[in-house]
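What follows are several structures.
First chain A sits with chain B, and in the next complex the same chain sits with chain C.
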Partner chain A sequence: MLEQLLASVIDGLLLGFIYGLAAMGLTLIFGVMEVINLAHGPIMALGMFGVYYLSMEMGLNPYLALILVAVLGMVLGLVIYGIAVHRILDAPELSSLLATFSVNMMIIGLGTAFFTTSPYNVEFSMGSLSLGPIILPWNRVASAIIAVAATALLYFFLYRTPPGKAIRAVSQNRDAAELMGIPSTTMLALSFGIGSMLATVAGGLVATLFSFTILSGATYELKSFVIVVLGGLGNPAGALVGGLILGVMEGVIPVFIETSWVPVIEMVLFVLILLVKPQGLLGAK
Partner chain B sequence: MFSLLLVITMASSLNIILGYTGYVSFGHIIFYGFGGYVGFYLISQQGWSLWLATLAGGITASLLALMLGSAILRLKGAYFALSTIGANVAMMAFINNITFFGGPTGLSLNYSIYQDYGGPAQAKWLIFYTLFGLALVTVITSFMVKFSKFGLGLMVIREDEEAAKVLGVRTPLLKTQAYSLSAFFPGMAGVLFFFKNGSVEPNDAFPLHQSIEMIVMVMLGGQGTVLGPVIGAGAYEQLRSYLLTSDLFKDLQLAIAGLLLLLIVLFAPTGVIGWLRSRSNELRRILE
Partner chain C sequence: MAVLEVKNVSSGYGEVQILWDVSLQLEKGKLTSMVGGNGVGKTTLMRTIVGLLKPWQGSIMFNGKEVTKLSAHTKAAEGIVLVPEGRQLFTDMTVYENLELGAFSPRAKANFSRNLEMVYEMFPRIKERLNQLTGTMSGGEQQMVAVGRGLMAQPEILMIDELSLGLSPLLVLDLFQILLRLKGEGYTILLVEQNVQMALAISDYAYVVADGKIELQGTSKEVANNAHVREAYLGI
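On to the complex of A and B.
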C-alpha cells in the first residue's frame, strides 16, 4: 500500500510539472491581458501533432522536435493574437472568450478534417529507471526535466531580460508602460506568443507519454483551468505549484476510489476555489 | 425541424441570462442535460408519463440553477463563465459515476413505450407539436420578461450592477430568478429530446460545444433582443445543415462556424437585430 502510494505520488509529480507548464501558458496570457484563452487546448493538441510529424514522419528525435514545435507555437500565437485577440482587448470579457473560442473551433474543425479523430501515438521509449521498488519510465523523467527547464527559462526571461521586464510592466499597467516608451502592442503579442509556445511544448511532452487525438487538448485545457485557479489567475509560479498539486491528486485519488471520480473532484474543487478564494490558494500577484 | 425548435428554445432561454442580465453562461447545456436526465429516468425507470416527466425535468433544472446560481452568480465576468464550464463538466463526470443513471452507458427506453403514445410515428409528431409549443412559450416568456419590471431590473444589472444596487434593485434575487427561469425551458426540452431519441448517455447530454453554439446563435441574432435568438438560431441551423450536407464543407463545418463566430465578435457584436435597429428609427420601433 505504502509503496503503491509512493509510486503514485512520484508519477503524479512528474506529470504535474507538465500540467504546470501548460497552465503557465494560460495564466501568463491572463495575467498580461486578462484574456482567458479558450483555444489553449487545441493549441496543445497542435503541439502533440507537431512532435508526432517531426519525429514519426521525419525521423527527428522527439525532444529535438520540441524546439521546432516551440518556434512554431510562438508563430501560431502571434498569428492568433493579430487576427482574433488584438481587436477585442478592450471589449467586454464575453468578446474575448468568444473570440478565442472561435479559434478553438477553427483549429478543431481543420484538425478533424486533416487528422480525423483517431488516436495517434509517438512510439519512442528510453527504457526505465528503477529506484528500489519504484520503476519510472525515462520518458516521464525526461519530460519532467524539460518542463522544469522550460519553467526556469520562462522565469529567467520574465525577470532578467529587457523584453521580459517590459511584459511585466505592461501587465501591471499598460498605459504607464506605454508612457515609459514600451511598445505595448508588441509586448502583448509577444506574451500571447509565449503563452501559446508553452502550450505547444507541454502538448509535445504529453505526446511522448500518451496516445492522443486532435480532441485531447480539451482535457488538458480543463486541467489547466483547475490548476490556474488553484495557483491564482495570472501567477506563473502558482501555476507550477497548482500543476504539482493536481498531478499528485490524480496519482493518489485512484488508489482509494475509482478513477472516473477524479474529474468530478477536480471540477468541484475548481468551482469551490473560484467561489471561496478566487485569488487562488497562493494568492495572485 | 426538431433541432430547429430545440435551438430556438435553448437560445431564447439563454438570452434571458446572457442578453438581458449580461452574465455569460458558458455551460448552459448543463440544464438541458440534467433536466433531460431526470425526466428520462422518471419515464424509463419509474414509469412516469411523458408530460409529468417533462415538467419534472424543467423543475429540477430550475432548482439546480437556483442552487448553483445562488453560489456562482456572485462571481463576475470571466470568473462566472469559467465556473459554469466547471459545473457542466463536473455534472457530466458525476452522472458518469451514478449507477441508477446508468453510468457511462446511460439509459435507454423500451421501444414498446411508444405504443402508449400511439406508436413510434405518432409519438414523434406528438413530441414535435410539444416542442413547437415549448419554443413558442419560451419566446413569449422572453418577450414578457423584457417588458416587465423584472426584465427592467435585469437590464439595469447588465448595464451597471453597482448602480442597480444603489437604486434598490435586489440584484442577487433577480439574478438567481433569471438564471432559474433560463434553466426551466432547456430542462424540459432535454426530456422531450431524449425521449424522442430513446436513449441518453453522458457525452450526448452535456456537450460543451453545443453550449457555445447557443451563445453563437444569440450573438448572431442580437443579444438582449426578443427576436434575435430566434433569427440567430434559425440562421445558424440553416447554415449548419447546409454545411453538413455539402460534400465540400462536411468536414469543415466546425471551422466555418468558428470563422463566423469570430467575424460576428469582431465586426458585428450587436448581431443582426442590433445592426438593423441601428440603421433606422422605424426598424427600431418595430424590432424588439
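On to the complex of A and C.
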C-alpha cells in the first residue's frame, strides 16, 4: 500500500511538471495582457499532432520533434495574436473571450476535418527506470525533465534577458514601458507567442505519454484553469506549484477511490479555491 | 535653436477635447516650466508630446524633424523622455531593473555605464537599495528612481511631470538641487511643478496653462512679475 502510494505520488509529480508547463502558457498570457486564452486547449492539441506527424510520419525522434513544435507554436501564437487578439486588447473582456473562443472553434473544426476525432498514438518506448520497488517508464521521466528544463528556460528568459524584462515591464505598466522606449505591442505579441509555444510543448510531451484526439486539449485546458486559479492568476511560479498539486492529486486519488472521481474532486477544489482564496495559493501576479 | 516645437496642437480623451491650439517651444539646454492650476491640461500636453496620446491637430517637431505621429516608444528611443506624474515605476521590479529598463533603447544602452555612474552619484540613497522592489519604497525614494530611470534613457529632452508632488519640503529642496545640476550640465528640460514660485525661480522660460490653452508665456522673470500670475498662482 505504502509503495503503491509512493509510486503514485512520483507518477503524479512527473505529470504535474507537464501540467504546470501548460498552465504557465495560460497564466503568462493572462498576466501580461489580461486575456484568457480559450484556444489554449486546441493549441495544445496541435502540439500533440505536431509531435505525432514529425515522429510517426517523418521519423524524427519525438523529443527532437518537440523543438520544431516549439518553433511552430511560437509562430502560431504570433499569428493568432495578430489576427484575433491585438485588436480586442482594449475592448471589454467579453470580446477577448469571444475572439479566443473563435480561434478555438476554428482549430477544432480544421483539426477534425484533417485528423477526424479518432485517437492517435505516438508509439515509442524507452524502457523503464527501476528505483527499488518503484518502476517508472523513461518516457515519463524524460517528459518531466524536459518540462522542468522548459520552465527554467522561461524563468531565465523572463528574469535575465532584456526582452524578458521588457515583457515583465509591459505587464506591470504598459505606458511606462512605452516611455522607456519598449515597443509594447511587440512584447505583447511575443508573450502570446511564448504562451502558445508553452502550450504546444506541453501538448507534445503529453503525446509521448498518452493517446489523444484533436479534442484532447479541452481536458488539459480545464486542468490548466484549475491550476492557474490554484496558483494565482498571472503567476508562473504559482502555475508550477498548482501543476504539481494537481498531478499528485491525480496520482493519489485513484489509489483510494475510483478514477472517475478525479475530475469531480478537481472541480470541487476549483470552486473551493475561488470561494475561499480567489487570489490563489501563491497570490496573483 | 528649438529642440522641440509644438505647433497648434489640439488633443484630448475620446470625444472630450482638452487642449486647444497649444504651441510651445523648448530651447536647447534651457529649463522651461509649465505652470497652471489642477486639471488645466499640463499632463495631457506632456502625454501628447511623448505620443501616449495622439494629437488631433497640429504638429510636433523634434530637432527640425516631424515626429507628430510617431509611437511613444519610438520617440522615447530618440530621446524624448518623460518622467510621468505619479512616477509609474515598475513596482514589482528592483531599483536596478528599473534603471536598466530606462536604458532599453540602443542610444541609451550605448551610454549605460556613464549614466549609471551619474545616477548613483546624484542619488546615493538609491544606490544603497539597488535590490529593493520599488513598490516598497517611500514616495521620495520612488521619485528619485523615476528621475534616475529617466536619465538612464539618455534624454535629449527631459520632461518631468510634478517633480515634487506629495514630497516633504526637505526632499523638494534636494530634487530642485538635482534639477539645477542637470540644467548646469546642459540638459534640455520641461518641468511641470505645482510649486510655482520655485519653478519660476530656477527656470529660464515659462508657460502658464489655463483651460487647455497657453494663457501667458515669457522669461521666468517676466512671468513672475506679471500681475495676474502674482495674484492667481503666487498669492502675492
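The working rule: the second predicted complex is superposed on the first by the 285 of 285 C-alpha atoms of A that agree within 3 Å, B and C clash if a C-alpha of one lies under 4 Å from a C-alpha of the other, contacts with A are read in each partner's own complex, and residues count from 1 in each chain.
Methods note: a residue touches a chain if its C-beta (ideal position, glycine included) is under 8 Å from a C-beta of that chain, and two chains touch if they have at least 3 such contacts.
Everything numeric in this text was worked out from a predicted model, so none of it was measured.
Contacts of A:183 after superposition: chain C is touched, whereas chain B is not reached. Of the two partner chains placed by the overlay, only chain B lies in contact with A:270; chain C stays clear of it.
Which of chain B and chain C touches more residues of chain A: that partner is B.
Contact with chain C, but none with chain B, is seen for A:175 once the two complexes are overlaid on the shared chain. When the shared chain is aligned, no partner comes close enough to touch A:67: not chain B, not chain C.
Against chain B, in their complex, chain A makes its touches with residues 34, 36, 83-84, 87-88, 91-99, 101-106, 108-110, 112-113, 218, 222, 225-226, 229, 258, 260-261, 263-264, 267-268, 270-271, 274-275, 278.
Put simply, chain C touches chain A in their complex at residues 50-52, 71-74, 76-77, 81-82, 84, 88-93, 97, 100-102, 104-105, 108, 149, 153.
Interface residues of chain B facing chain A in the complex, by the touch rule stated above, are 24, 26, 71-72, 74-75, 77-79, 81-83, 85-87, 89-90, 93-94, 96-97, 104, 208-209, 212, 215-216, 219, 251-262, 265-266, 269.
On the chain A side of its complex with chain C, the touching residues are 162, 165-166, 168-169, 172-173, 175-184, 285.
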